[in-house]
Amino acid sequence: MPLPPEFHDIAKRVNNWGRWGDADEAGTLNLITDDVVRAAAATIQSGRRVPLALPLKQDGVQTGTIPGRVNPLHTMTFINLEMFGPDTVATSDDAVTLGLQAGTHWDALAHVSHSGTLYNGRPAASITPHTRAAHGGIDRVGPLVSRGVLLDIARAHGTERLSDGHAITPDDLERAEEQQGVRVQAGDIVLVRTGWIQHYLAGDRGSYGNMPAPGLSLHTPEFFHARDAAAVATDTLGLEVLPPEIDSLWLPVHALHLVEMGLLQGQNWNLEGLSEACAAEGRYAFFLTATPEPFTGGTGAPVAPVAVL
Amino acid sequence: MPLPPEFHDIAKRVNNWGRWGDADEAGTLNLITDDVVRAAAATIQSGRRVPLALPLKQDGVQTGTIPGRVNPLHTMTFINLEMFGPDTVATSDDAVTLGLQAGTHWDALAHVSHSGTLYNGRPAASITPHTRAAHGGIDRVGPLVSRGVLLDIARAHGTERLSDGHAITPDDLERAEEQQGVRVQAGDIVLVRTGWIQHYLAGDRGSYGNMPAPGLSLHTPEFFHARDAAAVATDTLGLEVLPPEIDSLWLPVHALHLVEMGLLQGQNWNLEGLSEACAAEGRYAFFLTATPEPFTGGTGAPVAPVAVL
Amino acid sequence: MPLPPEFHDIAKRVNNWGRWGDADEAGTLNLITDDVVRAAAATIQSGRRVPLALPLKQDGVQTGTIPGRVNPLHTMTFINLEMFGPDTVATSDDAVTLGLQAGTHWDALAHVSHSGTLYNGRPAASITPHTRAAHGGIDRVGPLVSRGVLLDIARAHGTERLSDGHAITPDDLERAEEQQGVRVQAGDIVLVRTGWIQHYLAGDRGSYGNMPAPGLSLHTPEFFHARDAAAVATDTLGLEVLPPEIDSLWLPVHALHLVEMGLLQGQNWNLEGLSEACAAEGRYAFFLTATPEPFTGGTGAPVAPVAVL
Amino acid sequence: MPLPPEFHDIAKRVNNWGRWGDADEAGTLNLITDDVVRAAAATIQSGRRVPLALPLKQDGVQTGTIPGRVNPLHTMTFINLEMFGPDTVATSDDAVTLGLQAGTHWDALAHVSHSGTLYNGRPAASITPHTRAAHGGIDRVGPLVSRGVLLDIARAHGTERLSDGHAITPDDLERAEEQQGVRVQAGDIVLVRTGWIQHYLAGDRGSYGNMPAPGLSLHTPEFFHARDAAAVATDTLGLEVLPPEIDSLWLPVHALHLVEMGLLQGQNWNLEGLSEACAAEGRYAFFLTATPEPFTGGTGAPVAPVAVL
């Protein structure tokens, strides 16, 4: 048993294997039914649209600590090229190289394995260089819209941003719900705001990307499981609190979400504008659209989420 | 006067320069107001979600004819790597290189210039290798949701897909409106279906990507201008009919849309499932979410559009 | 026993495992001693230099049949940028994405495995996405110069280029030696010319890269083993004759060279100019410099070889 | 006159425009004649081979200060893939993205312009995104071998490495010649050792890549011109002393070498092993092979140079 008993105790309580059939690769996204979508549509009241993605550019959030997770290298392949002769219509094109998890992204379920296993018992070995993620890849997400709920933990704590190493607990989440007058329901996409991304927005990639950083406690998956959330995203690079709460148990929230629950999770979401918009409108539920780019077999993908209030 | 009089005649009639101010870089997206978004939300009735993006993979639609517009090269940077020691949680990551216009994408306004000029009179020379598109880049699009309207030209013609070189006229568009019981309004995103993408879906990249191919006639921009459409996309690689209707006047629709009107346009959208869904529900207007990946200064970007019915 | 007895019979005769110690990763390159290099230097007589690499450009030899082996995507990152202010010195920079085996290249010993094993008995599983080739990578080649010998099989057959599917036999190699007045010795790098690359040079990538194509017979490794050649390269994409001589025994020469012998092999070498130079000078041995780009853990690498006559 | 008079004074004295004809794009490489190559061959005495390239890997010398000059992102496209069925020969392939000037490289003449002009009076505007360097590109270098001469300035100063901001003068170069018993001749490739690369080899990219750093004084081009050197390389990232000797005159040596003289220059060469080898053999001239990868229109390219003693 490679991981400690504390992990396995929680894992047992939140495990969704087989819940949507043995062949399921969508996990908690199954909770987003047509009814959920219709109800989400009803939250559109002002028509205000808030973008949640960071700009994709070479000066992105990555600092080189995760090998291969490179910021976008974006170059022009031609500029104002008159392909059809002089004084004709001219076109410009560009190309890019980037880590699929480099910017604002979703982790696919296949992003994490433990004990040789992916979500729903698929073998971790089903990921290979040429097939990439044959199971649980980001292409299995499909069209993703639902009700979004912002749990603005920083605001609920009366602070601009959470302090280093703050482990966000289920209590924190519930306190935010109460203060904000919202309750997470089945099929919701939950956005948990720490304010930590202010470091990056102020030009300090080091403070943003390095440890210690605030994030989800290993107890929050039980909250999301109890509420049947469909997905979770934060405004941090690591999603969960880092360093971890239990010595040498790294990435337990990743493993609980992605492997045990089949719960999609996202990082590097810019929730600053949304925090202001929700406060201004006095409501924290909205229509959220967040379909990842469908890279076949991707273990993650860029997403340009939009909250529609 | 490099382009023929026919072009300039139409250009004068559809030109939007200065309409939203001299500094405007959003063009017809200004037509998507909060009211438009609220009305779009009201079209969500069944909750059905239809994805419109092609999978992003090396076996994509590009055939090498446009230099630098490469299909995605998607590779794993690590697989089930136990970064924190043996028998810990393992992660997999990936990276990709692709042309920003390689798959299902939006063209930014800066994608095309003529006579040295971009939309709203900006100099074409403002695009440089290191700034990329300083004006009219894809990052200026912002969060993009609105009412979507499918004009299913193939279905209106009673055919699976339009024939080679069919130039879709304003008459074609109006006929589809009538048959489908829908009318394009200010702020709509118009999806024009030819069925041509069936070639690619059947594995025939050559027939899909090469000329002749059906597409928009150079007279359609006047239709979109009259109706104040916010954006237009097709299920073809070239958007407009190819080869062009006027000898040696290549890409007139591109120039009218992007330079004269400031009208966002998209290509390689898979409208097959949407055609079936609209026919099944007997309605052709829906909520459309189609925010491009915000590459700073991009002259285009991948998008994973979703129609919500 | 996965591969047929014919393969294993030859494999036994040419196997070099343990010959240079159990830890060896250089294989037959061990045969290039200081003495061999000094003797190679003595072949420099005219001072004529002949380049053997194809240009690296997007219009390269790859046709998409080998997934991920992409032609170079070479873009400018900035052009005449005055980084230090107006009217100062300006610089231009560029970046590239390419398959390491896309153009003129060496295969590292780790490029091929069979029966789960690499050269010298290393486990094939030692190649992983994050370590890449931990053993037998292209970085183990080091500085590579030696005597080069051109065996101009096309010229020896009195033809411009060999016919489709011509399997070059040891007899062919010996006939070329005799006609050319040269004999392969220990430590030599042998360049075997078919003339096949003329297809590519004439703009016909399909004929160059697809089967059938001429190349080395599965009996030639015994010739190279008997003569203690240090490395072998051809002017073809596949090195060996394709389709193979024994039904369903694909890539036997690759396996014999790289796994059994530890013999470096190269492809897509342009030997046309060298053929003319050798004929003009009436001698077929020269100083050859062919150090691959030292990608750590690469299973191949571009090389810009030069023959110095 | 954008650049100060001091620059133009030197420029006049070292200018080679027209020296090898108005169409010349090879510059001082014209000085490497067949005779020079034959004489270089005669310097091979021991047969010892010393590699001068740094490994190409993600943990390379770049630190992100030069936009787009990215360290290699090297990934496996497939690993031990049995393309032709189970239990057949398996192959592994890889791909890479990197800045062409990221590691051990040559600058092409087109890498630098001043006053709108490249070497030999070509317009700087001849570099475009789609043609890249139409004139003076790295593909114009061709096969590059010659006599190499190491001027070991650190050793001549009795130090392990030069101090911060040491500007290497012609006196320094001559002192090294005298102490080492060697004299730079027409057609030589001169390698100037500072020892600065020890920072990188010790894992300290910051100290290696950032200013201040030792390098060539703006007076050294006159030395190279007087001696008719064919090319110059150093073991530093910037080649010349940084910050510059004259306030706000950045990169004067680049401009003198590449624009005025047409002198190829190289950076990030690892001269540590060569320093030891030359000291051990008591001689500082050798056969040098240093052909850049022939990227068509590249403004630089990786090179894997080898000194053969």
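For reference, chains read A, B, C and D in written order, and residue numbers begin at 1 within each chain.
Simple rule for what comes next: a contact is a pair of C-beta atoms (placed from the backbone, for glycine too) under 8 Å apart; a residue touches a chain by one contact, two chains touch by 3 or more.
Molecules present, by chain and UniProt name: A, B, C, D = Cyclase family protein.
For clarity, every value in this text was computed on a predicted model and none was experimentally measured.
Trainee: Among all the other chains, which ones are in touch with both chain A and chain B?
Mentor: A chain counts here if it touches both chain A and chain B, which gives C, D.
Trainee: Please tell me whether A-C or C-D has the greater number of C-beta pairs in contact.
Mentor: C-D
Trainee: Is the contact between chain A and chain D built from the same residue numbers on each copy (over half shared) or from different ones (under half shared)?
Mentor: Shared-number fraction above one half, so same.
Trainee: With chain centres defined as C-alpha means, what is the inter-centre distance between chain A and chain C in Å?
Mentor: So the centre of chain A lies 46 Å away from the centre of chain C.
Trainee: Measure off the straight-line distance from the CA centroid of chain C to the CA centroid of chain D, and report it in whole Å.
Mentor: Roughly 27 Å, centre to centre.
Trainee: Could you list which residues of chain B touch at least two other chains?
Mentor: 67-68, 70, 73, 75-79, 95, 97, 128-130
Trainee: Would you pull the chain B residues touching chain D in the complex into a rising list?
Mentor: Against chain D, the touching part of chain B is residues 67-68, 73, 75-77, 95, 97, 129-130.
Trainee: Contact residues on chain D for chain C in the complex?
Mentor: 2-3, 33-38, 41, 44-51, 53-57, 66-70, 72, 74-80, 83-101, 110-115, 124-125, 127-129, 132-133, 139, 142-145, 248-252, 254-255, 287, 289, 291-300, 302-306, 308
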